[in-house]
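The following block contains the structure, expressed as C-alpha cells.
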Amino acid sequence: MSVLVGKDTRLVVCGLTGREGRFHGLNNRNYGTNVVAGMTPGKGGQDVEGIPVYNTVHDAVEKEGANTAMVFVPPAGAADSILEALDAGIELVIAITEGIPVHDMLRVYTHLKRGNARLVGPNCPGILSPGKANVGIIPAHFFSEGNVGLVSRSGTLTYQIGNELAQRGFGNSSIVGIGGDPIAGSSFIDIIQLFEQDDETELIVMCGEIGGEEEERTAEYIAEHATKPVIGYIAGFTAPPGKTMGHAGAIISGSKGTAQAKAEALEAKGVRVGRTPTEVAEIAASMLGAKA
Amino acid sequence: MSVLVGKDTRLVVCGLTGREGRFHGLNNRNYGTNVVAGMTPGKGGQDVEGIPVYNTVHDAVEKEGANTAMVFVPPAGAADSILEALDAGIELVIAITEGIPVHDMLRVYTHLKRGNARLVGPNCPGILSPGKANVGIIPAHFFSEGNVGLVSRSGTLTYQIGNELAQRGFGNSSIVGIGGDPIAGSSFIDIIQLFEQDDETELIVMCGEIGGEEEERTAEYIAEHATKPVIGYIAGFTAPPGKTMGHAGAIISGSKGTAQAKAEALEAKGVRVGRTPTEVAEIAASMLGAKA
Amino acid sequence: MDLLEYQGKQLFKKHGVPVPEGRPAKTVEEAVAAAEALGYPVVIKAQVLIGGRGKAGGIKLAKARGEAEAHAKAILGMDIRGFTVHELYVEQASEIDEEYYAAILLDRTAKKPLAMLSRMGGMDVEEIAAKDPTAIVRLHVDPLIGFQGFHGRRLAYEAGIAADVVKPVVALLSRLYETFVEEDALLVEVNPLLVTKSREVVALDAKVTIDGNSLHRHPETAAMRNPAAEDPQEQMARERGLTYVKLDGNIGILGNGAGLVMSTLDVVAQAGGSPANFLDAGGGSKAEAIVDAVEVILSNPKVTAVLFNIFGGITRCDEVARGLVTAFGQIDVKVPFVVRLDGTNDEEGRKILADASLPNVHVEKTMLGAARKVVELAG
Amino acid sequence: MDLLEYQGKQLFKKHGVPVPEGRPAKTVEEAVAAAEALGYPVVIKAQVLIGGRGKAGGIKLAKARGEAEAHAKAILGMDIRGFTVHELYVEQASEIDEEYYAAILLDRTAKKPLAMLSRMGGMDVEEIAAKDPTAIVRLHVDPLIGFQGFHGRRLAYEAGIAADVVKPVVALLSRLYETFVEEDALLVEVNPLLVTKSREVVALDAKVTIDGNSLHRHPETAAMRNPAAEDPQEQMARERGLTYVKLDGNIGILGNGAGLVMSTLDVVAQAGGSPANFLDAGGGSKAEAIVDAVEVILSNPKVTAVLFNIFGGITRCDEVARGLVTAFGQIDVKVPFVVRLDGTNDEEGRKILADASLPNVHVEKTMLGAARKVVELAG
C-alpha cells in the first residue's frame, strides 16, 4: 500500500502545456503514474506526447475519469485552478505552485473544508509512492519502496533525509510534501493519520521547520493517537526572528514558531527529534534495525 | 409532541426592545413560551418586564442557555442578526423580519447549509405548537392542540385555514410559517419531514402560493417519502405573470410558478388540493372523520 | 425594480462591463446634442421597460443631424406595447460581427446565482431555447465563493464561442457577476452581447432588475425609479406604503396578508367575479391605512364594488371598522362594500359598523359568503 | 512587505478608516510646507519600519513654523534602533481622550483572520497582555462570510470600550477588515486607536504588512517598497530574483530549497561556524543564477568562506558546477569555497570542478563533512 497516490491515481495536470508542467507531467508518466489528461484553457483538443489536453478540469473528469489533479498554474491563477478541480469533483488536488496569495488560500481552504476533497500543498514538491506513482517534482530515482512514511514541509530537505535513509537501506511507503506556505491544505496530522492506516508504513518521519504551530499541535496529536513510532526533524534553529526563510510560512513571529520550541514540544511528547538529517537516519536505523 | 418549538424552547428575542419585538416577545411569554432573554446592542443590562436584555446573542446563550432565536431586527440588520445567532450556536433561528435583501439571504442560506442549525423564515409568522409554545406573531387563541400539522408560506391564510379546521373540531400539532421570500431557510420538505417524525401529527396541510418550484419539488418528495396524508392548498390562481403579489417570492416568472401548475403537480402525485380554504377543511374532515 | 437600458448601462460601466458610449435624452434637442457630441453614426433608442422595441420602430440608426432629429421626434411619445416613450438613449453605432447572450440571475430553486451564456444572441432566451436547447450553457455559482475564472471559462468553452474572444468574454462575465452582487440585482441580462467587426466585446443592451428590498443601500439606484412608467394607482399606493397590484376586473379587494388576499381573489373569481386589484393592507393595519387603501381602490374608475376580507391576527377588526367609517366620512363612496371581519376583536368591529350604519355596506361572516355577495353586487 | 505609517494610512483612507490629515515629507522644506498647509499644532513623525519611535525622539509636536523646522531637521537622518530616517510624516495633532488597540491579522493556526480589540492602547500588545490578559478580546472571522456587524459589536462590548463610541469603533473595525482583505494584508494594526476629546474615533498609527505574493494585483502598493530601508545585499539579491536573508556570521551559504538551506545553516552552526546568510538558489537553478548568487554572497565583506550545499533534484549538479566555474572566471574570488554536490548529475558536476581545478575550492561528499570543512577554513 501507500498513501494518497498509487496505482488508482488518474492524474490531470493543470498547466500541462507550460514548461514546468510538461517537464514534470511527462516525468511523472515515465515513472508509471497514470497521467490521463492535461488542462490548459484554450489548448483543448491538443495533446502533449499523447496525453490529451482539455480546456477545463470538468472535461478531463468527464472524458478521462481523472480523480487527482496536479496544479502547475502560475500563482495568480492557481487558486482559481484549485477551486475548479474541487468543483469538478476531483478527490485529491496537489498544488505545486509557489507564491499563491495568502488571502486566496484562506478562501480556498475554508471552501475545501465544506467538502470531502483533499488538498496537498500549495508550494510543495508533491507526493511519491515509490514503485507506484509519482505526482510532483520529487526526484524519484533516489527512493525505493519500503516501510518509512515521510511527511515534510520542505522539498530538498526531504530528499536529503530520504537519501540518508536510503544509504542505510530503508525505503519509503510514501513521501508527502505538505509545503512551506502558511495556509496549507493538509497538515502533518492529516498525513500521519493516513500513514497510521497504511499497512506498509512502520515508521513515520516528520520534517518540520520554523513558523506556525503545526509541529506543536502535531506533538499533541501523536501523544494521543499515534501507534506507530514517529521521528522528528526541525529546520531553522539558527533562523532570526522576523525574517522569512525562503518559504512564505517559515518565519518566527515574536517568540512564536522557533525550531527550539517545536523540537521541545515533540520531545516532551516522547517523539525523538534528530538534530541533523544524518541523525534522523541514525535514529530510524536504531529503531527499525540496520538493514543494508 | 410538536415540531421545532415546545417545552424545551429557550427563546432569545433579537430586537426585544423594539416596538414589535416587545409586543410579540411578551405575547409569546404570556402564551407560556420560555422567553429567556432579549438582545439589543447597547441595551445590555436592561430588562423588558423581567426578561434580561443582552448586547449579543453570545451573551444570551452563555448566560441564559438560549437555544432558539427569534429575529425582529429591521431588514438592513437582519442577516447580520441571523448570522450572529448561528455563530453563537443557536439551533433554531426564526426570522420574522420582512424585506431582507435577497443577496443577504443567499449568503446566509449558503452559510447555514455548512452547519446543522435550522432557519425558519424570514418574512414568516413564526411557529406555534398549541398548548406548548408560540414563537412569532401567530394569534394563538384561534388554535388548539390536535393532530393536524400545518405548514405555510403565508400568515393570515394559515389563520384562515386553521380557523376553518378549528370550526370542524380539529386542532394542530404545530403550525409552521416558512415565509413568503424567494430564499427561505426551511422548505415544505424540511417541515413535512419533521411532521412525519412527530407522533402527534396524523395529517399534514401544506399551504403554498405562486412563485418558485417548491410545491412541485414537494410533490415529488411526498410521492416518494410521505407516509402520512397530505392536503394541499395553493393561493394565486388569478395572479397575473410578472407581478409581485405582496410576498417577495410570490411572482410568476414567464410560465413558471403558476398556481395551476403547482396544484396539478401535487394532484399528479396523489395529493388532494382544496380549491378554497373551506374545501381544505372539508377534505381534512372527510379524511380524519368529523369530530365536533 | 426594473431599470431602463441606459440606467443598467450606467451600472455596467461602474463595474467595468464594456458598453458603447452613449447619452440619455428627454427632448429632441437633447438627443440631437448627444448625437453631435458622440459623432455619427448613432443609434436612437426608446427607453421603455418592455422588450420588442426594435420591431416596434423604437430603435433607429442616424447617420447625420437631420436623421437624428427626425428619429428622436418620431420615437419620443411613441407607444410601445402600452408603454409611452418618455426618454431616449443616443449611442454610438457598433459594427456587428457576432451576437451572443449572457445573463446572471437568481435561481430560487437552487438558491444560487445562475450564470448563462449562449453563442446565439439577439433573440429572446426562450427563442434560443426553442431553436437549440444545447445552445444555452447554465452554471450555478456558490454565493460564498463567487464567480471564479473557471466559471467563465466553462461557460465560454461549453457555449462554443469564438476562440479569439474567450478572454474578453470571460472578463466581461466576471464584471457582470460583480454588478449582479454589488448592485443587489435579481437579473442582469446582456442581449446581444456584441462582438464587433474589430472583435471587441461590448454589452449592446442591458436588462437589469434590482431587488427593491436592497434600495436602502443603493440611494443612486433608488433615484432611478421612473414614476412616469408606473401605473398611477400603483404609484399612489406605493407612496402610501400599501402593497397594491392593479388587475383587469371590477371588484376592488382589500385584505390583510399577501396569502389571504391572493386567496380572496381566487375565491371571488370562483364565485364568478373579476378582481380589480390586489391590496394587502398589511399586518397590524391601522385606521389611517384603511382610509388610504379605500382611496387607492376607488381611484380606479372600473371598480363597481369592494370586498374587505379581514382575518384579524395582529390586525384588529375594530381598527379596520373604524378606518372604514372614517373613509366613508372623507370620501364620497358610490359603490357597495362587502365586509367580512373575523378574528381579533371581530365582534367589536361588526358593532362599530352596525352603529355607523354606513350606506350600502354589507357585513358577511364567512369568506365564501362575502365573495358571493360582492359578485352579486358588482353586477 | 512592511509599509511605513503614512503608506498604511493611505490604504486606510482609501477604505474609509478615519485617519487625521497629514502629508509625507522627504526634506525639511517639504515638512515645513506640509505643516503650514495643515495648520498648527502638527506632529512630525519619523517614518521607519521599527517600533519605539516616540521614545527614540522620532515623534515631536510643533506649535509653530520654527518648531516644525527644528524638529524636521533633528529627525531626518536620525538613527532609530538601526534604521535611518529618510522620510517624515507631518500630521494634524489630535487631542487624546482615550487610547484603544485594534488589529486584524492572519492566524495561521486557525487558518482564519483574527480580529483583536482592547480598551488599553498606546502600548505594545505584548505589554497589554502582560498587564491584563483579559483586556484583549480576540475573535476569528470566517473568510467566506467576512466581518459582520456582530463581530464588531462582540469585540466592542467584550472589550468594554466606552458606550458612546461603540458605533464608530464597530464601523472602523469593519473598514479595517475591508482593508485587510482587499489590500491582501497579513496584518493591519491600529495602535493607538484614538478617541479624541470631541469623542471622534481615528487611527493615530498604522502598521500594515502586505503579502508579497499579492503584489501583482496591487501595483500601487508594490510601488511603496522603500529600497532605502532595505539592506543593500538583500536589495541586490531581490533584484536578481534570489531568496537571500542576511545574517550576522562570516560563512556564506548557498543551497537549493528553503528547507535544505535552513538545515545547512543549522549544521554549520552545530559544527561551530556562524552563517553570514541564507541563500536559496531555488529549484532548477541555472548557471547564471549561480553567478548572481556568488556575487551577492561575496558582496558582504564579512564573508571569509563559502559553502555550496546542493542536493540535486530538479537542480542539476553539473549546471551548478558550470555556474561556479563561470563565476570564478568573472569575479576575483579571495575566499575558500567548499562544495557539496549530491543528487542529479553529481558525478558530472564533480568532474567539471575537478577539470577546472579552481583555486581554493574544496569538494566534499556529505553535508556534514562539508559543514565541518567550511568551518575549519573560515577561521
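For reference, chains read A, B, C and D in written order, and residue numbers begin at 1 within each chain.
By our rule, a residue touches a chain if its C-beta (ideal position, glycine included) is under 8 Å from a C-beta of that chain, and two chains touch if they have at least 3 such contacts.
Note that this is a predicted model, so its numbers are computed, not measured.
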Distance-maximising chain from subunit B - centres being C-alpha averages: D
Mean-CA-position distance for subunit C and subunit A (Å): 54
Whole-Å gap between the CA centroids of subunit B and subunit C: 28
Separation of mean Cα positions, subunit B and subunit A [Å, integer]: 49
Of all residues in subunit C, the ones touching two or more other chains: 142, 144-145
Per-residue overlap in subunit A, given as positions that touch at least 2 other chains: 107, 111
Chain contact topology (line, ring, star, complete or other): other
Every chain pair meeting the contact rule: A-C, A-D, B-C, B-D, C-D
Residues on subunit A engaged by subunit C in the complex (per definition of touch): 41-42, 44, 55-59, 77, 80-81, 83-84, 87, 107, 111
In the complex, subunit C residues that touch subunit D: 144-145
Residues on subunit A engaged by subunit D in the complex (per definition of touch): 75-76, 99-103, 106-107, 109-111, 125, 137-139, 142, 152-160, 163, 180, 182-183, 207, 209-214, 217, 235-240, 243-250, 254, 259, 275-278
Subunit D to subunit A touching residues, read off their complex: 106, 108-109, 111-113, 126, 142-144, 181, 184, 186, 211-214, 216-217, 243, 245, 247, 255-263, 265-270, 275, 278, 280, 283, 311-315, 342-344, 366-368
Of subunit C, residues touching subunit A in the complex: 142, 144-145, 148-150, 153-154, 157-158, 163, 166
